[in-house]
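In what follows, chain A forms one complex with chain B and a second complex with chain C.
== the complex of A and B ==
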C-alpha cells in the first residue's frame, strides 16, 4: 500500500546507545561504533555478540523494566500535552514490547514480570507511566513496525480524525530477543558490516526508542510519500529475485522524480538481504548515495524506522549525513558511501526498512 | 557398507522435522537439503541446527556456515566429523 498524502513532521527525537538524536548523529559523523561484544544471554552467558545498550541500562530484565527511565527522558523532550486524547492519538509501535519479561518470568518465576510481558499490557503500563490518555493504538509489524505507525498516523490526519498524531516506538533488547537471533545464526560473533561483500554476514542488535509528531501543515519537514509492501513469500525469506524490495520502492520513484535524493537503507549486515536491498535501491534511484547506520547502532528492530527518521532529519537539518559506519570494501554497490557527506546538494532522503516475512517499507523525507 | 553417521543424521532429520512422506533410507547422501531436494526452509534449518548442536556438541558460527553444513547429508557428515568429539559421533 502506498500513501500519497504529504504530512508534516513537527518534531522527532530518538534515543540510542549513543544518546539522543543530536548526540547520536554527531557520534555517527565521527564514525563511532556503539556495539560492544556481550554475552548473548546476559547473566546466563553464551557466545559474545555485538550489542548496543542505552548507557547505564542493564541487559537482564527487571520488574518494572529498567528501560523506563530512558523512555521518560526521551518523552520529556516531547513538546505539547494531551497525547492520547480524542484529537491527539498516539500510535505505539515495537517489535518486542516487553517480551523479555515473559522469558524472565520463565527463568525466575517472579510474577512481577508478567505485567509487562504482552504488547497490550506493556503499552497500557507505559501509557499510565507517561500520562497518556486512552486514545493509544498498539501496532506491531516486525521490523517495519514504526513505518506502519507512521502510515496509520498519516491516515488519521488525512481522514480528519486528528489534529496531530504521535508515533512512538521502543525496542529494548533482552536475552530472549538476542538468543532468538543467535539461534538463527545471523547474530553471531562477527560485527556487522552493512552491504560489505564478504564471506560471512552478521548483524548487531541495539536499544532504540524514538518519536515523531505528525501534523497536516505544521513543521519544518515533510514526509511526502510512504510505501509498505509485503511479499507474502515466506516466514523469514525474501523472494530471491528481489521483487519485493522493488515493489515497495516503485511508488516512491514517481514521488521522487526530478529530486536529488540520498538513500538511508536498512543495511543490517546480513548478506542476502543486503545484496537484494542495495540492488533494488540503486536500481530505483540511480546515482543516489546509499548509507546505513546499523553497523554502529545495531538493529533497533521495530523501532529502526523511527530512530533513523530522527537521524535523517538531523542530517538534513545539519547538512551532513553520517556514512555507513562499520562497513568495509568491497561493497555490493558503488553507491554505498562509507564516509559522511553533505546533504546540501540534495532535496530529500528515501528511508527504507525491511522485516522478517518479506515486509518492506519506505518513505521520503524532505524540507517542508 | 553404509556410513553409521550418515544413517544417524538421516534419522535425526526425519525425526526432528517430523517428515511424514519420507523415510531415512530414502534420503540420498548427496541430496540437497535446503531450497531443493527435500525443500527444507530456513525454519527447518533452524530446528536442525539446534538439534545438531545439542546432539553432537558442535558450534555453527553463522548462517552462511549453517547453509554450507546443510548442503547435503554428505556435507553435514563431513562437517560433524571435523568439529565434533569422536565419542559423540560414536553415539
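== the complex of A and C ==
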C-alpha cells in the first residue's frame, strides 16, 4: 500500500564504476558507458560479458573482500555519528552481501573466505569496520532490497522509534552472480539497451553502493509515497498482462496527482520486462519522460534502488537528468528519453525497481 | 507501545530429515508437480504458511539466517557450468516465493530479513510496524551439508508461521514491543530459540538493540 508519511532525505550518496554520485551523474549526462567486456568467471574465464567494476577493484574475490576500501570511501562522506544506536538505526540492504566469498572458498579452498560468506557474517564484519552499533536490520529481497530498506526506515521514523535512519546498500559483483545471470542467458555478450525494441535482450551487471539518511523533518528532498507489490507468478518472469507493474504503480498515481513527474525506470535491458514496464509506466503516468541508467552502470542488483535514488536527487538538484544511456531506437515507448533533459519543468520523479519473483517497488521523490 | 495478537501458529520441525524424505512426505500438500524443484525450506515454510491460509492483503515478514543452504551448496558445486535453476532458487527469499508462486498467490508487502543475534527482534518490529490488518510472520532454516561442516549453515531444518492481528479476542498470545527507559544490556535470540519458545508456548522477555523490549505472553 502507498505510505502517506513524507520522510525527508537528509543526505544521499552512491558509488558506481563511474565514481561518486556527482561524478556518476556527470558521466551519465555525457553518455559514458561504464560497462566493459570481461570474462564472466574472472580468472576462471568464460564468455565475455558486460560488467562495470568500481575503479581499482579486481573482479576475483579476496579475503577480506577487496570492496571494503570503496565502502569506506563512501561512508566517509556520510555525516553524523552513532549509527546503529537505539535512536539511529541502520537498515542494510543487499542481494549479494559477501556471497562471492563462498564461491572463492568452494573454488580454491581457502577457509579465510568463509568469514564473509553469509549475510550476517558479512554485515557483522562490515558494521565492526564502520563503527556501527548493534541496531542494524538486514534486508534481502533481491533487486528491490534497497526499496524495502527505505520503507522500513520510514516506518521506524513514523512510529517515533528513530531520530534519523541510515539506509545503506552494497552489491559488489562476483563470479557467483555473473555466472548465475549468464546461466539464465540474460547476461550475455550483448551490451544492454534498455527499452530498445530489438531481437535479443541483454543486461550488464555493475558494482554499486549507496546510502540515504532519512529524517522526519530535515532535508531538501522528500520521499512522499512508497509502494510494493509481489506477483508471485514465476521466479524469473512477470505476468504477461503486466498487472504486477500496474499494481505497484497504482497507489503512486494518486500521490502524484497534479504533479509533473518524470520516471526513472528499472530498465535492465531484458525485452519482456522492459516492454511490460515501459507500458505500465506510460499508462500510469502519460506524457512523463522515462529513463533508465543500467545501460551504462549495469544492474547494481539489490542496491539499484538506492544508487538510482542518489542519482535522481542529483538530477533534481542540478536540474538535468541523464537520458537512457546505451539504448537505441526504436524503443518500446515514445516516452523513453535517450538524451539528457531538463528536470526544471517537473515536480517529482517516480523511481521504480523490479526483482526475481515478480517483486515490484517504487517511490516518489521531490523537493521538500 | 506496539502490539499484536497471535491468532494462529504453525510449526514444522524435521531436525535432520533428508530433503527427499520431506518432499515425499509433504508432496500432497502442494499443487501437483510443484514440489519437484522446491527446497526443503521451501516445503516447510510452504506448509507453515498454508496452514494460516494467506490472504491477498496480508503482509508477509520472513526471517532466515541461512535461507536455501542446499540450493546454495548445489549451485556452488555446479560451476563452471552454473545451474540457472539452483541460482534462482538459492536467492534469499526463495522459500516464501516457492510456496506462493506454487499457489499463484500475489501479496503486496513482503519483507524478507536476515541476520543472527537480533533477527527475531527485527522481524517482530517489522511485523508490528505493518499497517496490514493481518501479518504473517514466518521463518526457518534448512540443514546444510558441506557448509554445515564449515559452520556456516544451520544444523537443523525447521519452519514456523504466526498470524498476527490487532484483534485481542480469541488470541492465543500477545506480542509487544515497549520502550526501555534506559537501555543497557541487549539480549540475543536465535531463530531456533524463537522457534523453541513457540513450540513450548514459553514466554519471552528480550531487550533489543532498538531500545525496545519484546514480550511474548501466552493466554
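Observations on the model:
In the analysis below, the second predicted complex is superposed on the first by the 367 of 368 C-alpha atoms of A that agree within 3 Å, B and C clash if a C-alpha of one lies under 4 Å from a C-alpha of the other, contacts with A are read in each partner's own complex, and residues count from 1 in each chain.
As a working rule, a residue touches a chain if its C-beta (ideal position, glycine included) is under 8 Å from a C-beta of that chain, and two chains touch if they have at least 3 such contacts.
These figures come from a predicted structure and were not determined experimentally.
Between chain B and chain C, the partner in contact with more residues of chain A is C. With both structures placed on the common chain, the touch criterion links A:271 to chain B but leaves chain C unconnected. Once the two complexes are overlaid on the shared chain, A:200 sits against chain B while remaining clear of chain C. By the touch criterion defined above, A:183 reaches both chain B and chain C. By the touch criterion defined above, A:103 reaches chain C but does not reach chain B. In the superposed model, A:253 makes contact with neither chain B nor chain C. Contacts of A:234 after superposition: both chain B and chain C are touched.
By the touch criterion defined above, A:137 reaches chain C but does not reach chain B.
Once the two complexes are overlaid on the shared chain, A:44 sits against chain C while remaining clear of chain B.
When both complexes are aligned on chain A by C-alpha atoms, chain A residues 183-185, 234-236 touch chain B in the first and chain C in the second. Looking at the complex, you find that chain C touches chain A at residues 2, 65-67, 72, 75-77, 79-84, 87-89, 91-94, 97, 100-101, 103-119, 122, 125-126, 129-132, 147, 150, 152, 183, 186, 209-212.
Chain A meets chain B in the complex at residues 47, 183-186, 188-190, 199-202, 234-237, 270-271.
Of all the residues in chain B, the ones that touch chain A in their complex are 41-43, 46, 49-50, 59-66.
By the touch criterion given at the top, residues 1, 41, 44-46, 84, 86-87, 89, 95, 102-103, 105-107, 111, 114, 117-121, 123-124, 133-142, 148, 152, 155-156, 158-159, 161, 175-176, 179-185, 228-236, 244, 247, 356-359 of chain A touch chain C in their complex.
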